[in-house]
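Presented sequentially are two complexes of chain A, the first with chain B as partner and the second with chain C.
Here is the complex of A and B:
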């Protein structure tokens, strides 16, 4: 059984539905960053778009874009990770409830507030009756969705799957999370984030759709060898899990070109990556992405997307390397390591399908 | 492929704390849907199935200090999880990999809606900001257990969340990623849910009447339930007697409407059909169906048509237990799975309360009286969520 990444699409704080971030990223100058919206008309009829919240539009659009690029009309499964669900509609309903003392409540906001609205809207648009599931486990939501998809392939139940990560950040939620240390207090830039002192990062917004298939085609970006998950592990458990992941694929740490990490500028978050890197990654180059995509519960979806993009292009541009190093060429094996608050951890191995 | 068995179950809902109280209430045929006591809402005229304990009483039951920040959803989850672990004789960590999968929909909303102005305007109650999301609720449940889980995750597919958690648990075992999976769901009443369902005009102002021609809507409920799943070999290794088998399951999408179900119940039909196929069973093998049966005009008709497409004119004995507990949303898949398992092992079929007249377009009526001394081999239980997230599980007797 093999699982391939056929295509991917994103709407984020970088130029949407584009790979421009890979060579010419926009460097965020604020700590609160909004997604750049594409022209939805290509993907959704205006009459339908008016009925959809922003996150639903992004989900439908990234899904359609990934399916088109991957040459697939109907996926066998749609599996989504979202940390907060449609938080703007949730807030709209909550505010109406508190302001109007539980009277005259807007049903549409409630209908579009549940987390699974996203996956089911994609299914509704595609008329897809296949497996449909939604995970909400903080910064491990997308990882859970990917794990589920991988298992559905392993169990022989599906041949294709859309695996998605969608989170939006509202101004109010940004303020609330700021009170519990999610964001830098002063305007941060790449250098400040790289120093990794004190609490917080910069915020982003993530909509990523990835098309998986068990069949190779001409557009295939890479193969996913496996995803391993751990909960509150110590270093030796991570090391053992990593050794198993590599050995089952017949490679060693020497074959890994770089490790894609969720380094974000938050001291406690980064300390975990640095410690694991020191103990398990043999000095291999670290890639980061939250300095250009920002932090969000589904940011780990960018980890997989970036890993796949690197492998398909065969090189790692300088701006994605955590330590100032020269561009890395001839890339064929990428490890993606993600953790959320040192509780949920995941290790994913991506490998080239070329020669 | 190895067979998945259930070795532990735990439950709390309006009809009781624990397995014995639950069975007792089901046998007595008494609804626990009534006037809201604890939820702070102005809509006290709307009945609900509230768990008859305050947060303080639940904390005391669990020995949780008053200064520990925890949501009601997590308190209910811990109560059910502890009973499930106890019945499975899982009190300490041994050399196995164990996963916890919990379903929930609005996370810590019941606290967020109380403290929201503080969240935005001052520093008070800010510890609850980080407890708002669904995943935080699962972590709080895991924190109450003496050992560490090797995986925790949360499924949020509205009212089928817990059913999908059970499926994920089984798949983790089948793929060798866990030896034991503890799966279920938990959800407490919240003003958010009460007003949300009310805004959709699908709440009944009296106790609901599933599958009745004059049904007017659902009653919300709250609670939690968990199942301990493992392979028969793992149970044997641990010296634990399996309670039953999880013989089949499937998740399909109706892909019809954000909240309404399709007239012919396509998603429900596919979920039941694929669950039967996975179990290697035919429709005539099913001895009892615990229906989703919310009591809304739309659900019961749609589910009914899906049932007729599967079972033809021989729909097996069927009841919805939602008039007992209220619709426990994210927890319902696990609460009704535990109820189904209790029916299977103790040989009874609970009544579908408040039924008087058949839905005209359907060819079956639900069971209206409790039946005891039944030999039930296979039970099908349905859980359907908003967005057409439809799931079915089949539990079967051992041997």
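Here is the complex of A and C:
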């Protein structure tokens, strides 16, 4: 069973619902970066929007945009990854609990404070009664959601699916994560992040909706050939897994044009990518994206989105290449490698569908 | 009373996140539920929280709320008589 990426949509710290980031990215100047919000009224009726927090509005909007682009009215499944869920509403609810001495709680923030509200809200808006599932494993949430969707396709249970990654960063949570070394202390630019020295990265906000289908159409971006996830592997296990993934797909490492990675500027995080690259990737060019989209628990969704966009456009622009190489053309095979704290690892192979 | 009605309209807009509305858009005599603002049961809970938090009024039964939440004007009259804040 073939699985194709038909379309994708994002709301992030780049221009929302747009592919402008591919050629003209906005370079973040601060370490704390908020999403750029589109005009939600084009997608959500005000009477419905009034009970949605920002993350829910982003989820509903990116879903609608991905479905429209992919020419699908109703997906068979909605599978969402989120590390923090609707954290702003969770904080609102908890603060109200303290302020009101645990009495007289406002219901709306409570209703939105669970992780699976996101996938549920998309289903309610679409009136979709299909498979609906939420994965929340911090920085591996989206990878788990994508693997679930891929397996559902393999089992023949679904023909279309919205696979989503949604996370927002509240000022309070940003502050807390900063205390455990998630962010650079000083304002970091691309060159500082590229050096990969010291702790931390820059923050982002991720809302990505990707439409998968088992059927090709004129807009299909690429095919997902295979996905492998690993828990606490050593280098030889990653190498073996990669060899299996490539051989099952009928290609070798020589056929891979580039590796999309989660290099972020955090020394410990980047060391894992560099070590795996040295052992497994045969000097293939590395692509990165966290210097323009920032770090967030669902940032790996951008890895898939970027890989699919590169394949559909057939080239990798210079700004996405980690080592400042020149633009790479005629791209057909992209490997996406993600790890979260060197515990959870995923390898995803994307391939062109163009003859 | 007029001042309380205007204040209450703004409080309702804030509590129910009626982003596109201004106090002038709300008819103080129009029903809050069913027609008029077309509020629902979750909004009723938000209004109960508003009554408690802002005016110190604790509603004991759902039936009580049904009477009090008939319109903004009825709400304001009830608040005027029973407020503790």
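A few points about this structure:
Here, the second predicted complex is superposed on the first by the 355 of 355 C-alpha atoms of A that agree within 3 Å, B and C clash if a C-alpha of one lies under 4 Å from a C-alpha of the other, contacts with A are read in each partner's own complex, and residues count from 1 in each chain.
Note that a residue touches a chain if its C-beta (ideal position, glycine included) is under 8 Å from a C-beta of that chain, and two chains touch if they have at least 3 such contacts.
Model, not experiment: these values are computed from the prediction.
With the C-alpha superposition on chain A as described, chain C and chain B fit side by side in the combined arrangement.
Touch criterion met: A:85 reaches chain B, while chain C stays clear of it. By the touch criterion stated above, A:268 is placed in contact with neither chain B nor chain C. After overlaying the two complexes on the shared chain, residue contacts for A:105 are found with chain B and with chain C alike. In the superposed model, A:197 lies in contact with neither chain B nor chain C. Touched residues of chain A, counted separately for chain B and chain C, are more numerous for B.
In the superposition on chain A, A:176 contacts chain B only, with no contact to chain C.
Using the contact criterion defined above for the overlaid structures, shared-chain residue A:50 touches chain C, although it does not reach chain B. Touch criterion met: A:138 reaches chain B, while chain C stays clear of it. Closest CA pair between chain B and chain C after superposition: 8 Å apart. In the superposition on the C-alpha atoms of chain A, the part of chain A touched by chain B in one complex and by chain C in the other spans residues 105-107, 111. Residues 46-47, 49-51, 100, 103-108, 111 of chain A are the ones that touch chain C when the two sit in their complex. Touching chain B in their complex are the following residues of chain A: 78, 82-85, 93-94, 97-98, 101-102, 105-107, 110-117, 119-121, 123-124, 126-138, 140-141, 144, 147-148, 151-152, 154-155, 172, 175-177, 179-180, 229-232, 297, 343-344. The touching residues of chain B, counted against chain A in their complex, run 41-43, 105, 107, 112-113, 116-117, 119-120, 123, 126-127, 129-130, 133-136, 138-139, 148-158, 164, 168, 171-172, 174-175, 177, 191-192, 195-196, 198-201, 251-259, 266-267, 270, 385-389.
Residues 15-20, 38, 42, 45-46, 48-49, 52-53 of chain C are the ones touching chain A in the complex.
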